[in-house]
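We just call them A, B, C and D in the order they show up, numbering each chain from 1.
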Amino acid sequence: MAALTFPDVAWLPLLPLLVITGTTLLVLVADLFAEGPDYDALGWLGLIGLLLAVLTAVPLWNQSGTTLGGTLVLDRYGLFFTILFCVGSGLTVLLSMNYLETTDIRCGDYYTLILFSTIGMVLMATSLDLIVIFLGLEVMSVAAYALAGIWRTQVRSNEAALKYFILGAFASGFLLLGIALVFGATGETLLPRIGEVAAKGSAEQRLLLSVGAALLLVGFGFKVAAAPFHSWAPDVYEGAPTAVTAFMAAGIKAAAFAAFVRVFVDSLGPLAGDWRGALWFLAVLTMTVGNVSALVQRNIKRLLAYSSIAHAGYLLVGVVVGGESGSAALLFYLVVYTLMTLGAFGVVIALGRRGQPHEDLDDWAGVGLRSPFLGLAMTVFMLSLAGVPPLAGFMGKFYLFSAALEAGYVWLTVIAVVNSLVSVYYYVGVLVKMYMAEGGAEVETAAARPYLFATLVAALAGTLLLGLFPTPWFELARRSVESLAS
Amino acid sequence: MTTVPASWYAFLGVLLFTIGALGVLVRRNLIIMFMAIELMLNAVNLVFVAFARQQQTMDGQVMVFFVMTVAAAEAAVGLAIILAVFRNRETVNADEVNLLRW
Amino acid sequence: MPLLSLIVFTPLLAALMLVGIPREQAQALRRAALLFSLVPFALAVWLLLEFNGARGDLQWTERAAWIPRYGIHYMLGVDGISLFLVVLTTFLMPIVFLQAWDVHKRLKEYLVLLFVMETGMLGALVATDLFLFYVFWELMLIPMYFLIGIWGGERRIYAAIKLVLYTMAGSLLMLVAMIYLAIAHQQEVGQYSFAWEHLLQLRLPLETQRLLFAAFALAFAIKVPMFPLHTWLPDAHTEAPTGGSVILAAILLKMGTYGFLRFAIPLFPEVAVEAMPIIAVLAVIGIIYGALVCMVQPDLKRLVAYSSVSHLGFVMLGMAALNLQGVQGSLYQMLNHGLSTGGLFLAVGALYERRHTRLIAEFGGLWAPLPVYGALFLVVMLSSVGLPGLNGFVGEFLILLGAFGRFPWAAILGTTGVILGAVYLLWMFQRVMFGPVTNPENKSLKDLSVREIAMFAPLVVLFVFMGLYPKPFLVRMEPSVRLTLERVESRARSASSACNDGIACVARGGQR
Amino acid sequence: MHEIQAAVVAEHVGFLWWIPALPAIGVLFHIFLGRRVRETVVSVIAPAVVGLSFILASVAFCRIWSGPPGLVLQQTLWSWLPVGSLNVAFALQVDALTAVMILVVTGVGFLIHLYSVGYMHGDPGYARYFAYLNLFTVAMLLLVMADNLLLMFVGWEGVGLCSYLLIGFWYDKDANASAGKKAFIVNRVGDAAFLVGIFLLFWHLGPGAHSLSFTEIAERARHVSPAVLTAVTLLLFIGATGKSAQLPLYVWLPDAMAGPTPVSALIHAATMVTAGVYMIARLHSVYELAPVSLEVVAIVGALTAVFAATIGLVQTDIKKVLAYSTISQLGYMFLAVGVGAFAAGIFHLVTHAFFKALLFLGSGSVIHALNGEQDIRKMGGLRHHLPITYRTFLVGTLAIAGVPGFAGFFSKDMILARAFAHAPILWGLALVGAGLTAFYMLRLFSLVFLGECRADARTKAHLHESPSTMTVPLVILAVLAVVGGYVGLPEFLAWGNRFGAFLAPVVGNGEHAQHHPQLTLELALIGASILAVLTGMGLAYRFYVQAPEIPERLARRWRGAYRLLWNKYYVDELYDAAIVRPVTQLAHFLWRQFDLAVVDGAVNGAGEAVQETGRWLRRWQTGNVQHYALSLLLGTLALLAYFLGRG
């Protein structure tokens, strides 16, 4: 009998993940000792952990390698997303500290769940194995289901969680079946080997593989809220606590795209001929449905949900285009989108008060003039989402559309552009309410909510910075994508 | 003794999956819908096992454990959510949970 | 010395400095704004003095890398085409700030937005990188949106959204075309470039050029606005606050015509030559249609707005001629329209301040209580009519003269616009200023204050000066216009040598 | 004809610009200080600047008079419109033709300024009035002194503007303002054609730079095709019909009488309305190359002369009668230039300026005395109350009627003679016109000054002769209306046609050998015209002094004709129905039915359609989780179908 030797594991690639996991467990344990009703300390703990994770991730930028039998990988792509998720989750935590005061959510689990979800995201972005990706996705999702319903006394929160859960599990089933079929076709769940089969496999294998790919598409499409798999998003975004909605819009979507690109653009790239056309339609459908539906919304969270669907459509353009430029543009856009959307939801939170969520657009009348900072912030976020220069959202669209045009997708670009035009109407509609309508809703001063204020400033600064000086950030995205191709 | 071809199991799996999916669509009771989803996941398990047998690897069998674990976790959260809904709304009928729409 | 950058960004700086002044000190805010706005004007005058009028190419160029991967640079430059528009912009802003004494609601925001808009407008005029141009182009739209939406009239929201959507509809497609150009440059030369001077060298297939030209032309035609894309204008003008209307008419509309001259025509000369007959026809329709619709407007501001459609028709007609007289006239008319229509809006605004209505029927016989106002309004109105001796005539004459060289019938029809222009403006003037004072509210109106006279005075002086001595303007424009036309002509001619007669008529109506 | 013209001798002189600049200074003074100083200051400055201008004009005139034939004084002020091959200068010139014109403009203008000092006394808009009047002088001087077509156009429209402002001077009456507007717009119609004429000319002048100066045009015109020249000259003539109130654009002039009477005298009789005649004389070398155009000019002139005279027969407003008379007399001038008698046309222009200004000022004096009454049916017997006005008006009447010895006789006869030589039918028309003129002028005179006073008692009580600032100009003009004719006698008399000789270097004397009428014929023609004049005057005297019931009887018998004349041939109504109303209706249609409904409707419709789609899409979002699952499943099936379809 062989000696029980500790398996030879390369720890380095796991470092950020381990830091986050450690933090999560720490927060989980600390929760036992924390005393309500104020759980800010837990939030701070989580924030420190996330910061630490970023700090450990940064020095790894020039490293590469795999670990745990090739299921997890250390590459720039993974690091890029790891940092993005940490930033996104960090900002969400920051937002939440002030947000939770306005709700009945009084449990430390909130932060734990966010961190758990972050673990899942990082797994999704750094894994090379379909099953691990699935695991990551489930870790992320299950935590998110719980988060959506964490305001237990709120009927809407319940309903959101329920819908999210039922549909999420339903879609997971398809994703899983897809993985099974891919496994059936290749005998593998490791992405690099699947790629080989996709490139050189027999016709039969490829057929099974492409059916599997279709089902994978459903699974990822659901998570990114692509039409026609988007229908959960408006309801869930509206019903979930606002900070959670922000988290879903920013983090979960990005994570889904991280896996999406790795699986499709990288491994299944050789099959692109099969799935590209389908994605083309999905992209067009998604952005159109998102934008057109958003036109008639009166609830700001629901509006932002549809906006989020529309943006998924733009992001899908990046997947359709693929290649270095398409993927890099997509990554850049994800960063931008995370900032914009977190900022926008931040403003939504800032306008809410205890018992008065102020989610109806009519409650926003005149707010921009009464609270100049919030007005300015929302203006910047809305215009950035609409793609008005020189804000980050515009640069994101610019990179995306340039990539698409260069790859010859002229019509796709034109449709996307027309869609942005439609979107201007409702984004600007928000500003109309804020600045041009008369109303009397009270707004709390920024000083009363320092964390929220800090989040908004950070998102604002990011949105401006990435708009005015996008080059270094885009280079980061490009270098990250480069590491995929290896 | 003739062996049943592995692909038959795979097809059976897919069939069960379909039944599960339809179950989600047609049953109104949230608990039953949830069970239908469980059926879908387990159907996939069957597919995994079938392919594993066909490919002569253990990998597929291992997957099943992962899936079962995940399903268990989902069940825990899912049932908690349904419970919460029932507590607030006193219904487990999917039709009646439509506060959020349009 | 980065003079152009200074001109472009001093207004932004001014905006930031205004933020520091507490909003309670309204008078301080207004004075500071007025004072700050003189800085870019002074710089622009300096630019005017230092400008080398003998050169047709870009001067005072600046260049810095911005997004090198896509060949995007921060590139500025000025030539005879943009020079006077820059001066006009900086010249009008102090007047607009003088007008701001009438603004009481949210004064600080109003002033800040005006400055931001000034940066956008100036930037768009001197940007020589297409991408940068686009950025500034959109930048000036947003403040205008707020100006209309917050300080506007009853239907301000509708008007503001219409303005934004309409403008963006065109400009987004233009953006696609710009990106396409940069990529085409990459495919031809090996590197991306958004630089205007680089893209001028591109030779694309005619079919591609047509589509790209259409995208550019659409964006600019909306901004001009050319018939039938003009309906945003009456709404925007009518609802905008006075200062906004002045800027909208005086400068924003010029961005469309400027865009044609700077981008759409030189970038796609072959297609531009093909398209000019269509442009000419639309321009003539605009002239006559706008004038006719003007005649029956019950609302003063809406009338002036429609008159812009008519006047901008002249500008486009001159440009369509693609000869020196036509294009120079068109450029000159841009300045004229800026001054005279700006003046008309100021005049209407002054009435609105007194009576809070813009309906012509509410007025009548105003000369008696407001003689000084009447005299100034008269001069402004006559300038708009195109009375010889005032500025408007020089532009209209050159335009029609030029247009006659290429499209005689269009010019003849356009000349009827001269008659109609007199009809609607004189009729309006009569209904407002002449006749008995029918409405008792009008009897005791206060005549213009010194400040208000100071708003009009520079305009009137310029009307006369530009009417009697346009030479300093024309000679500085000429080299650049000539250069542009030569480029267009040589490209179009080489294209026409390939196909027999399609475009061959360039030479005939061409430069003289 | 060109051979006869002497070679041009150009001389650059520095003072020319003062001639228009002096009144311009007056304008600025009135604008900026006019309302702050006392009326007296204005009343000194305004005529003074014009008077000084007159002195300078006289100096210029003497230089031409004493200089070699064909002397042209020039002054280029600055380069005005340098664009490519177009290089128009802001340049002034004075040759014999211009010299005559500036003398008339500043001379008659000075008298009328002087007259206005009294006439406008006490008006609240005193300074404004003189600002406009001085401005008019500036524009008119620019018009006649311009060295090129474009600068002339500046003056051309400038006088139109002043006309607009002065007609509507008493702005508080809507009718006045409307009349001013009508004048401006009708003029604009002509001016638009004028502009097109310039464009056409410019593009056919051939290669090289163009200054559009009259010298250049005269030189280059020879190389331009006759068809083009015909078109150009006709277009310019349309401009002239507007400015000079000829058929069919004369309609504004009668309405223009709404302005103060001195304005009617200066602008609508003596100077502005003659601009068209001046323009054709100035461009005679071009017109001579386009005989068809000249023919048209002559015919329009002759027709207008008779047409307007017939309307004048029945008008009852003293100024309207004079207005139609002006139109008619302008017709004579156009007839003259149309038949190539440019000097004769200008001669008539000058004499007409004297006697028509006199008549208008006289009528102004009458109106002044009658407290604003303008209806001649309510006048009569004024000769006792207004002795100076009465006498001077008589001189004017005789002069315009063409009674031998008075100015009008010589100039009109010269035109008749040349018309006969050109085409007897034109002469016939002109002769009829002369008879009519004599008739309606004497009718006017009789009704106003002879017989019994028909004014009401109150007005009668206040009857008074006008102050001396008004009567002095009347006397001076009366003198001119007599002696003015003697500068252009028929060739066979005394010193002959000195006026024609003076102008010959500029416009040619037009005395072609074959056109030179024999003495007997000339005498016969003079006889015929004297006869016509005497008949007209005799009839008028019989109708309105001896047997005042005759006109009414005639009016009853020829009711149709009378109504036609009384309503001025319904031309205004025709224009209203054929042009004004359709255009207004079209405008309404375009705005309401097209712009708002179609163009804007399309825009809003597109937006609405997208919104409607949004509302429709929203209904799919039922809130039922199973529907969502279904859409997910259907999406999956579609995707699978797509993938399998490809595989």
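Quick note on the criterion: a contact is a pair of C-beta atoms (placed from the backbone, for glycine too) under 8 Å apart; a residue touches a chain by one contact, two chains touch by 3 or more.
Because the structure is a prediction, the values reported are computed rather than measured.
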item: Selected pair, greater C-beta contact count between A-B and A-C; value: A-B
item: Chain at the geometric heart of the assembly (C-alpha centres); value: C
item: Centroid comparison with subunit B (C-alpha atoms), farthest chain; value: D
item: Whole-Å gap separating subunit A and subunit C, where each centre is the average of the chain's CA atoms; value: 44
item: Approximate Å spacing (C-alpha centroids) for the pair subunit A, subunit B; value: 26
item: Centre-to-centre distance between subunit D and subunit C (centres being mean Cα positions), rounded to whole Å; value: 37
item: Subunit B and subunit D, separation of their C-alpha mean positions in angstrom; value: 98
item: Junction residues of subunit C - those touching two or more other chains; value: 165
item: Contacts with 2+ other chains: residues of subunit B; value: 21, 24, 33, 94, 97, 99-101
item: Interface hub residues of subunit D, defined as touching at least two other chains; value: 607, 618, 621, 623, 625, 629
item: Pairwise chain contacts, counting only pairs that touch as defined; value: A-B, A-C, A-D, B-D, C-D
item: Contacting residues of subunit D [partner subunit B, same complex]; value: 618-619, 621-626, 629-630, 633
item: Contact set on subunit A toward subunit C in their complex; value: 369, 372, 383, 388-390, 394, 398, 401-402, 405-406, 410, 413-414, 417-418, 420-421, 424-425, 428-429, 431-432, 435-437, 470-471, 474-475
item: Contacting residues of subunit D [partner subunit C, same complex]; value: 31, 35, 78-86, 90, 128, 139, 150, 153-154, 156-158, 161, 164, 168, 171-174, 176-178, 181, 184-185, 188-189, 191-192, 195-196, 198-200, 202-203, 583-584, 586-588, 590-591, 595, 599-600, 603, 607
item: Complex contacts: residues of subunit C adjacent to subunit A; value: 66-70, 106, 109, 134-135, 138-139, 141-142, 145-146, 149-150, 156-157, 160-161, 164-165, 168-169, 172-173, 175-176, 179-180, 182-183, 186
item: Interfacial residue positions of subunit A with respect to subunit D in the complex; value: 162-163, 166-167, 170-171, 174, 206-207, 210-211, 213-215, 217-218, 221-222, 227-229, 231-232, 234-235, 273-275, 277-278, 289, 292-296, 422, 425
